[in-house]
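Some structures to go through are shown next.
Same chain, two partners: subunit A is paired with subunit B first, then with subunit C.
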Partner chain A sequence: MRVAERTRPDAGKAAAVTAGSSVPSTTHEGGRKRRGVNREGLEAGRRSTRTILWILLAAAMVLYGFPFLYLLFTSFKTPIDTIAVPPTVLPKEWTLENYVNALGRSGVVASFINSIQTAIISTLLSLVLAIPAAYGITRYKTPSGRVFIMAALVTRMVPPVAIGIPLASMMASVGMADTPIALSIAHTTISLPLSIWLMSSFFEAVPRDLEEAATVDGCSRLGALWRVVIPVVSGGIAVTAIFAFLASWNEFLFALLMTAIRSQTTPVVIANFQTQFGLDWGSMTALAAVYSIPVILLTLLLQRKIVAGMTLGAVKG
Partner chain B sequence: MRISDRRFALFLMTPAALFLAVFVAYPLFRLVADSFFKISPIAGGPRDFVGFQNYLSAFASDAFMGAGWRTLAYTVVVVTLEFALGLGMALLFTTLGRRSQVWRTVFLYPLMIAPIVAGLLWKFLMIDNFGLIGTLLHQAGILSNPNQIGWLSDPNIVLFSVAIPDIWLTTSFMCLVLFAGLQNIPGDLIEAARLDGARAPALLFRIILPLLRPVIAVALVVRGIDAARAFDTILIQTNGGPQSASETMSLLIYRTMIRFGDPGLASAMGTIYLVAMLAVAFFAVATIWRPGKDS
Partner chain C sequence: MSTRKTINRFAVIGGLCTAVALAATGCGAGGPSSTGSAASSTVNVLVEAGGHAELTGVAEQCKKDTGVTANFVELPYDGMFNRLSSEFSSGNVSFDVAALDSVWLPSFKDAVQPIDELFTDEAKKDIFPALVKEANVDGHFIGMPAWTNAEIILYRKDLFDDPKNKADFKAKYGYELAAPTTWKQYQEISAFFTKDGMYGTDVKGAVETEWLAHVLQAGSPMVLDADGKVVVDNAAHKEALDFYTSLVKSAPSGAAQVDWAAAQNLFNQGKTAMTRFWAHAYRQIPKDSPVAGKVGAAPMIGGSAGVAGVPGPWYLSVPKATKNTEAAKKFVKCAYDHNSMGIESSLGLAARISAFEKYQDKTGYESFKPLIETLSGKATQTRPATAKWQQIVDTVLIPTLQKAVAGGDSAALLADAKKQIEALLK
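Here is the complex of A and B:
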């Protein structure tokens, strides 16, 4: 418990600075914010120093961005060019052949539908379970709540391979093997603890007077949660939903253990390209690009919220 | 009429608690229970109680002990490099100030990529013959032959090569957390140290790092746990090979279960792995977090 209590102020402050004022959880710490103060402290002063630092940053960004750009370039090569020796960075001839091959392969489109379906079910399940739990933990600081949030933290340390195997046989024994529902449940074991931690920090920021006013006006406690508190933390719920979605979208081990043909998700299909069809690098890069680009665009669009959530999630859990 | 607040809180937490009990705690219980049996991989096959036999076999096997050391080495390499690179980037972003904000966001993009895709991508970059890295190093005159370094085929270095996608994926996370921590260091403190004539190294080691300690602790523990569980990136790159040189604990347990069909032994390995992870994590949390300085 000590851990959680000590982390809290840092989490609030960290988010305050990274995300600015767009995050509700920062408001209660307004007085302690030090935004901008260190600007004179750590920021480089001299012009020449700054130029060198910008060059350094440019080099780092090129190195960091290059691998994914190479994946994109490769996906536009002809299948033969893909494995040419020596390889070239840019395609000699730009073509969509790899995309046509990848998406035309049986099971690929179905796997996309499975991925979306699984991720949506898992996100909804995480939210439905995490929102009341996090509210119960933060609003009524009971001993059971403290035990519960520690238990959620411990869950994060469990290696997926340790529960994946028994979980798969459990699902099989109730006739749910190879279904999107079973896989979403498995994914929720990953996203639920994270969602509880995230939602707790968002609820922490809601002033208590708000619900008290609602209860005085005749709202029940559940009514106050539903009609007053939830609308206030809707931004936080969106952040939590994105993280739960991403956790399921990118997950591989549970999907590998728990699905066969019917409910296979795209990460498993991508991995299978390697064994089933020899080494079809062209189709593989095309499929990987199609699978990654929506989530990368999503990040760039919602960057502020995602940065806030990631910092909270990290510092808290 | 009204139920007490305490009951109401419990009522709100019950669904999530039940979910975790059924889908996390119960499978863990099954894992521990299975570790005491010799189990036939065929459904409905025999299941004989063997006591601690699986644990003895695990500790006696070179594969298990090897995987343990490799997991440790892998985790240390990944976390150390990520920390160094992440801190470097966080300091760079901080010194550049507000104008670097766009780049800070772009720097986050690998976090959104599936580990399986990252592993695949780096395999493609490092693979023998048509891997781009060997070719570029050869063209730059560093290597005499593009295949001089067998990134993924040389058992001596493969464990480090398979770590690269993991480092690439999550250095951004380390950077993000450390950057957030850096923003909390009061500017006047740095200013005062500068006026006292402190140079950059002293500033870093005497002031910045000690003040960042709690943030560093969280980042290292969170990433350490994740790195020790690495599976996707390694499976797709080498499947544990060559000669098991990149077989970490997650892979060994998976293969013991699926390929060699020994659920009992796999469960015993899983139990030991879990206990070791919890022990290390609690130890790390207790030692790094309890400096006795903060309230």
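Here is the complex of A and C:
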């Protein structure tokens, strides 16, 4: 209940209204005028603050969005336009030729399927391992749990190439070279530590009272986790899933070291447009633009869950 | 009951995950396995993305001729060395043939098989001498050249043929305006065209090959002599570096950061009148480029030792760890036999002299005569055969060059470079 109150989006506004109504009324003309002037001043102040915030937001959006927009525009440029000196933002002549070239290249469709397959497996693996790990750590709070959660970050402190080369050899020696599952396991080493950390913060935000109430109603510990806790942290799970999916979707180094004919993913294929003999900007940007569509769709689809997850992670019961 | 249901749900989810995982283990979407354990008539060929096209037609022909099917594993250049190192060191390779950049041969000499039987006397006559020498490491041939390249001169024919330019140039320098053959001519022509927002040439500070070609033209081996002694501070290196930096005033600003891609862009955009560039670029000028159809090709310029270039060949090698040696060697031989087919690809290169000669008089292949002349130059040499070469380039030669084009003292820079290289080779 406290959580719900705290997280109500209009709570601040309601408090402001309540505060406004508690000001003692007066019939004094000068007082009204002063109050009117104060209100106008406050309103003007709010407006200018809002304007500044909007400008800052717009600037941040441009800053973050411009590289992607530039990539998108480049994908519609003619070959000579892509290498213009000085570069231009908008194409002089719009063309779909780059998309035809990029998508017509052998192996592109297969690489998309491999990317999807690998990212889904890696995401599932991360969630299946991170949820119970994070739940155990936050609920039992043992010293070994604290050591474990710190140790989980160690893999993030090692340069990926130091893990990638031995991992590639290990996978080859057990006959799993060039398979999506091998790459998925490798990707899980990237996403699992942070998934555990993320899920831990989400579980921390769930009051123990909820589980105790569920236990009183007859749920087992596992039942309480499944029926009560997991639905409450579903937003957090969505955030973690997106994070794990993106980590696998965009990963390059492990894919480079561990895949060949059967399981090559699209980031490697995109990189293949840069060769020792030149760089095909148009095709490269076209394929990168197409490759970003599933992630954009997924983010839009889970937008509400993500926002809910972020809010959940921000408060602790 | 709730516990049972919960356990059931977990079991279903776990089962699904396992099913997906198991299905994925054997079901990549890319095609057949890349790790065939038994000998077969299918070979996996590891190739840099840019070179893939070179071998596509050859592979089709080889399937018809020998029954060997080639599956290509295409990788970006920047990641290929890591991949090769990883697989060679594990002793478990996912490929039966690898296309290796010449600079990698010394690093992987112990991981690939000798293919001496493919280097017949006839073959050796048909391969550029510098390449025959480079393919032989520690007394064995370990790579068959698949295609090669070298820097030549690309110039704006329309500007060189312009009567006013011709007259003005002759009036100023006292000789006819034509494709340069010497350092002095290159300097003067570059200076002549540097006007009205245009530049005579580019200067590439971010790549070392061009400076090294000038070192060869000045009569010295590159960086290391035949005994492995560091000679980067000798007179020829300094002379070449001084010539290189003398062109900065006739080139666009920011020379220290200009690499191959930037130089190619500048030329294709019509910003430079000449460029020293890899020969394949002649056929890769975009059709909508302002210079399309206006470009001429000439051999690399010469110094006191004559015309020289640094070849950029790729070799097909067979790893020792492959279980498919016979088919792999068959493919390598077949690729050599049909080497000229690579010329019809988008990259348009070959390795055999006869292949280049077959096309040199055809329209669209005007860069081949200059390429043959450059590759056949007496002073033309491949890079030193040391496994540390890439490290020397990245950590010493390029930084030295960048400081030099930014105005550094060439003698002091080369002396410092010598110390650094000696330390690396210890």
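Criterion: the second predicted complex is superposed on the first by the 213 of 317 C-alpha atoms of A that agree within 3 Å, B and C clash if a C-alpha of one lies under 4 Å from a C-alpha of the other, contacts with A are read in each partner's own complex, and residues count from 1 in each chain.
FYI, contacts are C-beta pairs under 8 Å (C-beta built on N, C-alpha and C of every residue); 3 or more make two chains touch, one makes a residue touch a chain.
Treat the numbers as computed from the prediction; the structure is a model and nothing was measured.
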> So, A:Trp226: does it touch subunit B (first), subunit C (second), both, or neither?
Replying inline: second
> More residues of subunit A in touch with subunit C or with subunit B?
Replying inline: B
>> Applying the document's definition of touch, where does A:Val161 land relative to subunit B and subunit C: first, second, both, or neither?
In response: both
> When the two structures are overlaid on chain A, which partner does A:Gly218 contact: first (subunit B), second (subunit C), both, or neither?
Replying inline: second
> Just subunit B (first), just subunit C (second), both, or neither: which does A:Ile83 touch?
Replying inline: both
>> Output check: A:Thr179 vs subunit B and subunit C. Expected answer is one of first, second, both, neither. What do you get?
In response: second
>> If we overlay the two complexes on their shared chain A, which of subunit B and subunit C does A:Ser111 touch? Say first, second, both or neither.
In response: second
>> One more residue to check, A:Met284. First (subunit B), second (subunit C), both or neither?
In response: first
>> Once chain A of both complexes is superposed, is A:Ala271 in touch with subunit B (first), subunit C (second), both, or neither?
In response: both
> Does subunit B (first) or subunit C (second) touch A:Ala260, or do both, or does neither?
Replying inline: second
> Residues on subunit A in contact with subunit B in one complex and with subunit C in the other?
Replying inline: 83-85, 128, 161, 165, 169, 253, 271, 274
>> Per the contact definition, I'd like the list of subunit C residues that touch subunit A in the complex.
In response: 2-3, 5-7, 9-10, 13-14, 17, 20-22, 24-35, 44, 46, 48-51, 71-79, 82-83, 85-87, 89-90, 92, 94-95, 101, 149, 261, 264-266, 268-269, 271, 278, 280-281, 284, 286-290, 347
>> For the complex, give me every residue of subunit B touching subunit A.
In response: 5-6, 8-13, 15-17, 19-20, 23-24, 26-28, 30-31, 34, 89, 91-98, 100, 103-117, 120-122, 124-125, 129-132, 135, 138-139, 146, 168, 173, 176-177, 179-191, 214-215, 218-219, 222, 225, 228-229, 231-232, 235-236, 249-250, 253-254, 257, 263, 266-267, 270-271, 273-274, 277-278, 281, 285, 289-290, 294
>> Can you tell me which positions in subunit A touch subunit C when the two form their complex?
In response: 78-81, 83-85, 107, 109-111, 113-114, 117-118, 120-121, 124-125, 128, 161, 164-165, 168-169, 172-173, 175-181, 184, 218-220, 222-223, 226-227, 253, 256-257, 259-264, 268-269, 271-279
>> Which residues of subunit A touch subunit B once you look at their complex with the stated criterion?
In response: 2-3, 6-7, 10, 13-15, 17-18, 34-35, 37-44, 50, 53-54, 56-57, 60-61, 64-65, 67-68, 70-71, 74, 83-87, 89, 128-130, 132-133, 135-137, 139-140, 142, 144-145, 148, 151-152, 154-163, 165-167, 169-170, 185-186, 188-189, 192-193, 196, 221, 246, 249-250, 252-253, 267, 270-271, 274, 281, 284-285, 288, 291-292, 295-296, 298-300, 303, 306-307, 310-311, 314-315, 317
